[in-house]
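Worksheet: one structure, shown below.
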Amino acid sequence: MKKMLLIGLLLSVCVFAQQLTIQGSTTVLPIAQATAEAFMDDNPAADITVRGGGSGTGIAALIDRSTDIASSSRPMKTKEIAKARENGVNPVANIIAMDGIAVIVNKGNAISQISAEDLKKIYVGEIKRWDQLGGGGTIVIISRDAASGTFEAFNELALHGAKLTDAALMLASNLEVARTVAQTPGAIGYVGLGYVSDDIKALKVDGILPSPETINNGTYALARPIFMYTDGKPKGLAGKYFDFVFSKTGQEIVEETGFVPVK
Amino acid sequence: MKRSIIMVMLGAAALSFADAPIYGYFWLRYTYENPSQPEDVTSNANYFSIERGYIRWKTSTSPVSVSGTIDVSQASKATNKSDWNVRLKYAQADWTLPHVGDYLPDAKLILGLQKVYFGYVDRWEYPVLEKALEDAEKKMNSADLGVSFHTLLPGGYGEASGQIFNGTGYSSVTENNAYKAACGNLSILPIAGIMLKGSYWMSKKPVGDTIITQVDEIRYAGVIQFRKGPVTIAGEYLGSTDDDVKGMGYTGFAEFSINKAFSLLGRYDYWDGNTELESNAHNRVIAGVNWKVAKVLLTQLNYQLTQYENEERDPSDKIMLQFKYSY
Amino acid sequence: MRLKRNTKEFIIKSILLFCALSSLVFLGGIIIVLFTQGVPIFGQIGFAKFLFGTGWYPTHEFPEFGILSMIYGSFIITFGALIFAAPLGILTALYIAELAPFWLKETLKPIIELLAGIPSVVYGLFGALLVAPFVQRLFGLPVGLTAFSAAIVLGIMILPTVTSIVEDALSSIPNEYREASLAIGATKWETMTRITLPAAASGISTALILSIGRAIGETMAILMVAGGSPRIDFSLFKPVRAMTSTIAAEMAETVMGSIHYHALFGVAIVLFIMTLAFNLIAERISYRFHKRFTATR
């Protein structure tokens, strides 16, 4: 009996030796965590560790080979690619999802579209009233907290690194943003595409309404790919994991976590 | 003129100091020496030294960022009373060029006291304690005062740079030197893990105090580096011409990481300072172990043996233990 | 085998001493963590720049860490709450201590104390869903998530603290005071305003200062109601950002050991020192108050 136990233990150790580490972007963290958990449910032998730290940290970890997969909300910089290649790592980009941000206003607002330029002007505090855009009243600017992934995406895609006006309300979740916009006639806010509901109105940006199609075909401006970088094409356990992420179940998880599926 | 440029640089460095995080490292070393010519060393064949301390800072402003490094080192081998050198190693402004970046990624002009991108010195981060070959044989400085254009190749397939320098290195920037040096470097990464690099450096050096008679000073180097998984193997060929004296040498370096904390290192250098003379060459064999104790502390143990072509001279060897502390 | 009485006594004593000391250890631990994690920010960006800087852009490419707008936010909400809660709390306490019949007193007290037991998230929801839209419509504001709404919600939250401490202070005033006053022909109103309230003045100050300490540390409700703009407008009807909500909203998603992480701990240090100061002041006043009445007796 004891011997059996021992053998069992040894076997389980051997089986559990299949390890995979994913490190990087906090924006991608929800997808990475949810898919890793679901994947491990299906493959009890696999042991996937998911860590945050930011896109840069993940890429640096891939370069010095301390992670198998680097998750990133931006493409790798040329400098990082050069460094990786010098270190014997051949970075391959796998786009596992799209990040799309919808700009929302109160249903009572007369405006139904906005240019990317005006949107930026509103958020940096240059446009303060709807009158300047053909509506009426004071604009109430609503933003997510500076530490959130949605803010990070918006900051990059809409503000292009310009500083957000300090008059903006900083709310703690996508749901709070949606609710406050629904309650406040003059409000403008932004949320992940999945949080758009009938209580609020999503604006066309540069004439394009956000949808899975316009985000995937690149016509909608406030969208960006979500990457998972590997050293060479994913093989072995990493290959299986990617097969799972790109499967129907995997892409459903992507959608549940507030992102746009790529397949 | 030159002095005023340096003053401006120092001023800029001081300004940037106020608004930038400071970081760097200190190297604390113990050396036990067994010299081949004991009469060269008056005392203290074994000693502790703070070989070097770097205090660095960098601003994150755009498109021009300013950075600097102050190098604190013990001037002598602690045989005399404490004799410290404090000097600027780097003080530079990086200007990321607009528009050019669309074709040449990260293209920038670097102004000031800066890195020399020559040969393997540029890549050498002291995995073993000895300096890179060109530095160890005093054929090249790791920093100099000048202007550079530096860019990455599109797609991250390598990098290229062209530099113009004063030519005397960073140790004597305030000297009234009258000769300039030009340096060109190209490195390519054809497949991940393999780097090929070529460098060429040339200047006209005055003989005596005037610039009437000048002699050629030329350095050229070829580097190949292979890195895959835990293995790094690198080789460099170095040639030099000083007037009509030609020198040549090569170095081979290998590192194997046993795990995240430990790695084994080996290096072989050969240098012949004048190819036309007999028995003036020497070689150097280095074996080392690195132990990364913590993120901030690297412990390095090296054994270094130097052998001379001159049969009358005995080989010398030394053991060095070093702690590199970064903050 | 029965333990000797002394031994048993000793063991119990030791356990109690250990428990008493453990809170000291916890406090020490908190202080150590706070300062080791927070002090680096002062070195990295400078103490004055941190405390008096007005820009809060922790995740920007060129970050700024000025917390003046948050100190302002915390204070304006706190004092707004005090302006709301102090009169209401003192008058309630006065009624309960001096006027209410016994049965009403015994009904009101637990109800008020129940207010203190409601989780602050519930207050936050109440504030965001009811108070904010109401304030918005009442004053015709562009948005209801303002310092004013937060002050009202916070005022309700500190009401039990104010009421019960003031009530304690009033009850501890010797009955001879009131009887003497009534005996020389003063009315009940005159007794209350001229005798009882002044006598309890320092007790009331303690109550107010303690509730400031409580209010400044409140997090969840303010996070949900105050709006969170890091900006100084000197108006109650504008969104503001408090120190506590900043820590709560951003700590979860910062990289450990990053400059942003240290900055949040820096905010916590400022908050800790402020709360400590308020508690020490309250302690001081309440000590004098007690000394006075124990001396008269």
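The chains carry the letters A, B and C, assigned in the order they are written, with residues numbered from 1 in each.
Operating definition for what follows: a contact is a pair of C-beta atoms (placed from the backbone, for glycine too) under 8 Å apart; a residue touches a chain by one contact, two chains touch by 3 or more.
Nothing here was measured: the structure is a model prediction, and the numbers come from that model.
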| item | value |
| --- | --- |
| Reference chain A; chain at largest CA-centroid distance | B |
| Innermost chain, where centres are averages of C-alpha coordinates | A |
| CA centroid of chain A to CA centroid of chain C, Å | 38 |
| Chain B-chain C separation of Cα centroids, rounded to whole Å | 59 |
| Multi-chain contact residues (two or more partners), chain C | 61 |
| Contacting residues of chain A [partner chain C, same complex] | 26, 52-54, 57, 137-140, 145-149, 151-152, 155, 161, 163-164, 166-172, 176, 179-180, 183-187 |
| Footprint of chain A on chain C - complex, ascending | 54-61, 69, 128, 132-133, 136, 142-145, 223-224, 227-231, 239, 241, 245, 248-255, 260 |
| Interfacial residue positions of chain A with respect to chain B in the complex | 65-66, 76-90 |
| Interfacial residue positions of chain B with respect to chain A in the complex | 105-106, 152-159, 189, 191-193, 195, 225-229, 260 |
